[in-house]
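Quick one: the structure is below, questions incoming.
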Amino acid sequence: MPVMTAEMLETFNREHFPQVDHLGLKVAHVDDETIEIRMTTRERHLRPGGTVSGPTMMELADAGMYLLLLAQIGPVALAVTTSLNINFLRKPEPGEMVAKGRLLKLGKTLAVGEFSLYAGDPDDPVAHVTATYAIPPKR
Amino acid sequence: MPVMTAEMLETFNREHFPQVDHLGLKVAHVDDETIEIRMTTRERHLRPGGTVSGPTMMELADAGMYLLLLAQIGPVALAVTTSLNINFLRKPEPGEMVAKGRLLKLGKTLAVGEFSLYAGDPDDPVAHVTATYAIPPKR
Amino acid sequence: MPVMTAEMLETFNREHFPQVDHLGLKVAHVDDETIEIRMTTRERHLRPGGTVSGPTMMELADAGMYLLLLAQIGPVALAVTTSLNINFLRKPEPGEMVAKGRLLKLGKTLAVGEFSLYAGDPDDPVAHVTATYAIPPKR
Amino acid sequence: MPVMTAEMLETFNREHFPQVDHLGLKVAHVDDETIEIRMTTRERHLRPGGTVSGPTMMELADAGMYLLLLAQIGPVALAVTTSLNINFLRKPEPGEMVAKGRLLKLGKTLAVGEFSLYAGDPDDPVAHVTATYAIPPKR
């Protein structure tokens, strides 16, 4: 069982990360291994031609990994990303974007997860991300 | 439906890639989106202390992605890896290693897939890989 | 010799990518293999504790790779990122951030580059990025 | 100044990693930030058509990063790779392959480096690698 619920994660995120407010993140689901978060893209998240920008998808996945980790270890504001790898797969249509994540490893000092991002089509992801977070000692 | 069966993939692999013979790859399953391959680690695949070497896992995942791609597009020997990202998650015990892959994208010029590698424990992967292959034109 | 100068790149960027205006990018140098771009971080680019956010660094490097590519092939608005890998190395102090990039490959369909990002200390990078762009056909 | 010389690194490598003997690694240079290693490709390192295999290049860069790290922290056999990202850039011709590495970060628990690999042409790399190693505590 995760130590933080979807509602606790949303509240923590709003209070500590005002800079991420523009994403309007919703935590649709979280358990001890997976998370699903959602956002609705706005003008500032788009590129010419109307597709969602790459940095928006990177920010969404990075936030998702952070919340998936916090759900397991509690509200440790100091966990930081050490690396992130993204593959862009298809043109993402504007509207609702869904990020589904899975914890691959939760160690003492490092946590690793993978995310598939969807926009519209629930079968074919628009991007895939793996991310590693460093967990501060004496948590 | 894939255009090549598990048996066809094994035969093609043996005939065209003698340098990969040392892996002794078995294709346990393949369909139009996923693949499962297996190998049994030998002395040359190990590191001091008896864990499986990183390069062995990279080679296994790279071969798995190649076979997953061939299963879809047929025996095109000239598809080449353009990038590969691996996260090592846990110490892999010697013995049977299983790689489970999923096609994330099959485009005209690029194919992207992800693999989870298992050794012993079927729940916790020892490594996770994303790989991109370039598909030669006029296939 | 690149086909677009630093000034042309800045103008093109401003006209076509209003969503990136918040970075306030300056192109300090560009040639046929390297680029140096700069930005001054603002409140919206920071995290609690005052460090620069990961997504800001990803966006900076992604924009840098795009401009380095455009400098070589001309104003092709349709080049798109296919993958990006970032390693976060040190806490980045707010203020001026510098991204120094190098083209590793300029092929017919793919371009690959690497970037080191600096904040304050000119010797020790705060992040390192490799990025791949797909180049649209018939450019 | 590194704590291990090129000769010490070669001796340590031979004694502790017999499985890497097939690479025939030579340490051409090492200092407190960079390393240059070389190998001569043999039949087992090649693919159909005569190019050097991807796994050979991954193994070369991984070994290079390990030696670059050991040169700084001494013969700690237990440092392990946590992640590796490779971009394949050009067809590598058989013969001598050179890997030039640079330490991006040497922290208490993680070290990050980048490598460019060359085969024949000294200007255009055939592959580029970033790799992260975990450093065991109480070194």
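Letters A, B, C and D name the chains as they come in the text, with residue numbers starting at 1 for each one.
Assume a residue touches a chain if its C-beta (ideal position, glycine included) is under 8 Å from a C-beta of that chain, and two chains touch if they have at least 3 such contacts.
Predicted model only: the values in this text are computed from it and were never measured.
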| item | value |
| --- | --- |
| Chain of greatest Cα-centre distance to chain B | C |
| Pair joined by more contacting C-beta pairs (A-D or C-D) | C-D |
| Gap in Å, rounded to a whole number, between the CA centres of chain C and chain A | 23 |
| CA centroid of chain A to CA centroid of chain D, Å | 33 |
| Centroid spacing, where centroids are CA-atom means, of chain C and chain D in whole angstrom | 28 |
| Multi-partner residues of chain B (at least 2 other chains) | 82-83, 85, 87, 132 |
| Footprint of chain B on chain D - complex, ascending | 16-17, 19, 43-49, 53-55, 58-59, 62, 77-78, 80-88 |
| Touch list for chain B against partner chain A, complex | 85, 87, 89-90, 104-105, 112, 114, 116, 124-125, 128, 130, 132 |
| Touch list for chain B against partner chain C, complex | 82-83, 85, 109-110, 132, 134 |
